[in-house]
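Two complexes are shown next, each including chain A; its partner changes from chain B in the first to chain C in the second.
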Partner chain A sequence: MRSRVVLRRLLRNRQARSGCLALILLVALAYLGPYAGPYDWTDKDFLAFLSPPSADHWWGTTSIGQDMYAVTLRGMQKSIVIGVLVALISTGLAAMVGAFAGYFGGWVDRLLMWGVDLLLVLPSFLIIAIISPRLRGASWLWFVVLLAAFTWMITSRVVRSMTLSLREREYVLAAAYMGIPRWKIIFRHIVPNLASLLIIDATLNVSAAIIGEAALSFFGFGIQPPDVSLGTLIAEGSRNATGYPWLFAFPAGLLVVLVLSVNLIGDGLRDALDPGSTS
Partner chain B sequence: MSILQVRDLTVTFPGGVQAVRGVSYEVSRGEVLGIVGESGSGKSVTSLAVMGLLPPGAVVSGSVTLHGRELIGVQEDELTRVRGKSISMIFQDPLSAFTPVYTIGAQIAEAVRVHQKTGKDKAAKRAVELLDLVGIPHPDARARAFPHEFSGGMRQRAMIAMAIANDPDLLICDEPTTALDVTIQAQVLEVLKTAQRETGAGIVMITHDLGVIAGMADRVLVMYAGRPVEQGPVDELYYRPRMPYTMGLLASIPRVDGAEGPLVPIEGNPPSPAALPPGCPFAPRCPMRIDVCDEEEPPLTAVGGGRHVACVRSREIEHKALTGADVYPLPVIPPSGAVRVPRERRATVLELTDLVRHYPLMKGAVFKRRVGTVHAVDGVSFDIAEGETLALVGESGCGKTTTLQQIMRLEPPQSGHVVVLGQDSARLGKAERKALRGDLQIVFQDPMAALDPRMPVGDVIAEPLRAHGRRNVAARVAELLELVGLSPEHAERYPQQFSGGQRQRIGIARALALEPRLLVLDEPVSALDVSIQAGIINLLEELKNTLGLSYLFVAHDLAVVRHLADRVAVMYLGRIAEIGAVENVYDRPAHPYTQALLSAIPLPDPERERARRRILLQGDPPSPADPPSGCRFRTRCPKFARLGEAERRRCVNEEPSVVRLANATGERPDHGAACHYAEEIEVIPASDDQEEK
Partner chain C sequence: MGKYLLRRLAMNVILIAVAASLAYMLAATTMNPRAAYQGRRPPVPETVIDATLDTYNLNDKTPLLQRYTTWAAGVATGDFGRTWNGGSVNDEMGRRIGVSLRLLFVGTLVGFALGVALGALSAVKQYRPSDRVIGVASFTIMAIPVFVLATLLAVATYSMNRALGFTLIEYTGEYNPRLTGWDQWLNRLNHLVLPTISLSLGAIAFYSRIQRNMMLDVLNQDFVRTAMAKGLPRRTALVKHALRTALIPSATYFAFAFGTLLTGATFTEKIFAWHGMGAWLIDSINQNDVNAVAAVSLFAAACVLAAAFLSDLLVAALDPRVRVS
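Here is the complex of A and B:
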């Protein structure tokens, strides 16, 4: 019944609807858009270096004559997947580890929190740097896993402390007295009551992952040239943002729209899950 | 001459919500005005408005004059001078009134110095005097203590001391004893009376407890939906109410002094201040409603004898001498089939033998070490027969909640036995334990906290059914909702869309889902308003009789216990002080603690309340980490104080256990008390109808 009620509330929510629509349009643009453009992202037009947007090159060209339209959409394909996957994995992991540690307490708690603290003190950048070369050639999806593995710890600590207080609530006790297994109580009563926190965390993680990926690419890990992502394009374009604004404006604009649509979906989901809101 | 005059006070919160709609009253010197009302009736907002303590954004209109001086609309700094000097306020939660980092003495001295030109030493001395006045032992030492070192009752006394520091003309007490245990409440009310005698101040006493008002107030104002609906001298109002709401309120409270039969429930819920009905705000719940009631709101009109009533049919009520029981439809509760069989021949559903639960007391942040033991439950035995209700009563910290938890966990106790439906909890396998959980369910105190706020109530009720693999879940959910008086269409709503009483009904439906045989009720009505409480009590009684349930009922409200329970066990510091059939224990309590407890309960009956003599206990209960030797009650026992040297030695050295009283009579002769010198006395004056019998 809960899933049905939540779904109905979600569909009724204007924000969520427009967010979903925007995200669908963005995905369509990323995957179908390239077919509409005159150039492929690997093509180089040696007659137009750094030319501003025109009828031929809709979004201008880069310093080596790539068509910005084709390249940006190619980058967006990667970035959408990276952003959404990293957010889902890291928030999900944070919720699980935090809730289990907080609810079970005792040695489970100590072990999990010891792991969290270890990951927090280890310089994640260093580890990614060490592991990345080994993953060269492997699917870039590994990179998603790696990025997610280093973003969840702080949230899981927050989740744990919130679980500690939720654990004492009477409805959790009631469930235990009904004979419901403890892992089920976590999924049914603890995690849903952390929904607001988790959704905010996930939406923040989407943009953080896209930008974070760029930083790593810049240092030579993650998405490598000639392949591109929104992150790498923004990093590249920002250097010449004043002279050649189209190099920066289009990828950055798409990132903003992407993050906004994810935020809208997140807000809508939060309202749909929160029985207190009437919207 | 009146000190305070309130005329047509209205308070509007941002968004146009009128929380108070035209309140007028006056208080004279030495007079106590009681303001009663349920939550949301605007009774607290009224007094905050008088004090000028409302949050910015609230618009106050009307007039409040103190000694003829207008207080509404004056500058904040001028108000500050009045506040604490001429008017003081006593809140429900005294902890919030004190700053945690200063000593109690310093804060009272500060209050003195703000309004009077005195030296530091003198102010400090005055603080000690005040603490002495409110009955704090060793006041000079206690003045140097911090607020958290005080118990709840002591803090409330300290707050009274602070409130009367400047000889105010008016004391406003907002639910001053609601958070306290009954024996402490009796002490604090006594202190309030002393304070009033000392200062000659007028008191505005705001509470929902009709018993407290009956004993304290000279005049009473009943509020409903932001407006006074009836006002008058306390005796008149209690014995001859003229407004259906007041009549219902008075008839809906269970009483410690007997009176059997179902309680009068007031159907429905108070209206939300944002959506008031067009006519009389009580009309949707009023059994006497006629068409004119919906036309316009009846004004509060004087009817003579200092009384004011806002009801179009008040003359008729007066004329026919109607009471709550006459106008409200009384629910019919089918009799129970189980009680016809004598208790000895009924099956035992729960048996506790010498149950013990001790907690280690830890200290230290990094290296925890054990510094003692909390004797939360220290050898408790009782049993419950089929179809019976046993009430476990006692004040906070007596171990009643721990006892419940030990039963509900169905795990081997530290020592002793818990036998549920013939099965020893120490010898249960995993599958057996789960199966037994279906027979043993619980209803919690706080209906908000007990329901997952993120779950539609259909899921809440279905949860136990699904967990135990029942079929036809949806049909059963609908059936359960109907059983507790809700509509099956409500299944898709979330808990917060329901009122407190409805939520408690949902909690009961969930507990009944698996058709349990024993239901544990943990203070099921104490979080509810009086008019709602009666409905839940009636529901519980009805369910018990129709479904053949047994209840283990934990409560601190002895009036509710008298109404609902067959037997009662009084707990003190982890042990049972007295146990027996309700009639026996209430009418002839034998343990000095039970006697004090019963005598501390205020009766909603002004005449008898004034005539009563209370057995006041000294001090607070000792900590369960360090119970006294021998009889645990001896540090506060009024009887111990009267005993001779030789007799006292027995109390100090030998721990009494529950022994059956020699002259226990009646159908249920198992009345026992844990006192070496148990002696039955009567502490509740018999009510009129009992005297007639």
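Here is the complex of A and C:
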């Protein structure tokens, strides 16, 4: 029942409504759009290098004759998949580590939190930047794991402090007295009670991961060729943004709209799930 | 209190040491400084390369642990070793910290001050048109990554300069070394304009959101009502009583932002060609410069922890409730 209430509240919010609509349109464009275009993203048109947008090439072509429309949509697919995967992995990890540290306490807590502190102190950008070019031959999923490994720490601290108070609630104590194993209590009683925090966090992590991927790709440390993402396209386009603006405008514009729509939904979700919160 | 501070300091030093060691190990095992010498024409004999790399403590034929102990012993005495081509990492770091500070000082302050002011304004005028405009603008700006923003600024300036026929606003580098005295000073200011805008726009949007929420919380509280009830002008009550209390969370973020900005302005520095710490992060990785990478990591870790410490002090200074407990 609660989910229906939340959904109704979410759709009553005008910002969240426009965010949802924009996101649906963008996902549809990314996955259905390529069927409408005349070219495949691997095609090269040797008669049109760097040609501006026209009836044939809707968003122009690149310096090696690729159709910008097809390539950009292909890049957007990859960016969306990376965003969703990174958000799921990092929020899941944050929930596990935070709940275990908070519920078990003692040396488990100290060890896990020390690890969190260490990961926060390590310059994540640098570590990913050193490792990811070495993954050139490997699957891009490794890059997702790497990005997720450095985004979960702050949430897990929040989860831990909320677990500390949940641990003393009657229903958790009752479950403990009934002899239910502790890991089961965590999965059945602690984590579900953190659901609103985790849903909001996962949503905002999607946009953070999309930006993070694009940022790393901007310096060539992210997705490696021949794969494309919005980040690699923006990096390519920004080098000649004055002379050939269509190389930069389309991927950059789509990235901004994508991030904006996810953020709007995340903000609306926060209002809908957690009416008392102000941040 | 003294004992707590000491323990915290010791903990931080250990964290920095572990973080820097991990970064060194990672860099030393994956990077290949030899590549820069091998590709030369005419080819350099291998014995010469080995001897050169040995003097810089970069030879991949030396066992990792031995290289690490040499590096760690140097760092313990304040010597960060040599760059890939033999320069002193210490000198380079000193120079680059200076560049980063000159770039960031204005941008960070402007971002914080304007952000707080706009946030407070939109809280006081909640739901009025000005609040809506600020809200929509900050949401949009927060969705634009800094590398897109900086590129847009550079393109716009380039087109404007070309339309005008002369260079009104500079968009690359820190200063023109051919100018001297007063002219050079003006030239430096001119070079600062674009990077400062690109740094502060995001900060303004971010702080205005936080400050608006905090201010809304505070506005309805008893002490603000009391202040107005006893006859203080509305403006004084808002600025002296409400704004000061609502500043605390923003100040925490501000301290953190300053700590991470020193290496976090990577995009702004690279796009506008300022050779600061953030740009060094990218350059050192691309040049397989192991010792420089380790130095940047150590510096970044120290900055983050110093910022955490500073934010605690700042909160204690602003918030009487913390001082009592």
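Simple rule for what comes next: the second predicted complex is superposed on the first by the 169 of 279 C-alpha atoms of A that agree within 3 Å, B and C clash if a C-alpha of one lies under 4 Å from a C-alpha of the other, contacts with A are read in each partner's own complex, and residues count from 1 in each chain.
Here is the rule we use: a residue touches a chain if its C-beta (ideal position, glycine included) is under 8 Å from a C-beta of that chain, and two chains touch if they have at least 3 such contacts.
Just so we're clear, the structure is a prediction, and the values are computed from it rather than from any experiment.
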{"item": "Touched partner set for A:Pro192, first chain B, second chain C, both or neither", "value": "first"}
{"item": "Which of chain B and chain C A:Leu73 touches, first, second, both or neither", "value": "neither"}
{"item": "First (chain B), second (chain C), both or neither touched by A:Tyr171", "value": "first"}
{"item": "Partner chain in contact with A:Leu23 - chain B first, chain C second, else both or neither", "value": "neither"}
{"item": "Chain B versus chain C as contact partner of A:Leu247, first or second or both or neither", "value": "neither"}
{"item": "Touched partner set for A:Ile89, first chain B, second chain C, both or neither", "value": "neither"}
{"item": "Comparing the two partners chain B and chain C, which touches a greater set of residues in chain A", "value": "C"}
{"item": "Touched partner set for A:Ala129, first chain B, second chain C, both or neither", "value": "second"}
{"item": "First (chain B), second (chain C), both or neither touched by A:Leu260", "value": "second"}
{"item": "Touched partner set for A:Ala202, first chain B, second chain C, both or neither", "value": "neither"}
{"item": "Contacting residues of chain A [partner chain C, same complex]", "value": "117-118, 120-123, 125-127, 129-131, 134, 207, 211, 214-215, 218-219, 221, 234, 238, 241-242, 245, 248, 252, 255-257, 259-260, 263-264, 267, 278-279"}
{"item": "Residue ranges of chain C in contact with chain A within the complex", "value": "15-16, 18-19, 22-23, 26-27, 30-31, 139-140, 142-145, 147-148, 151-152, 154-155, 158-159, 210, 213, 216-217, 263, 266-267, 270, 281-282, 285, 293, 296-297, 300-301, 304-305"}
{"item": "Footprint of chain A on chain B - complex, ascending", "value": "408, 433-434, 437-438, 440-442, 444-446, 449-456, 458-459, 462-464, 467-468, 491-492, 494-497, 507, 510, 514"}
{"item": "Chain B contact footprint on chain A (complex, rising order)", "value": "1-2, 5, 169-171, 173-175, 177-180, 184, 188-189, 192-193, 195, 273-276"}
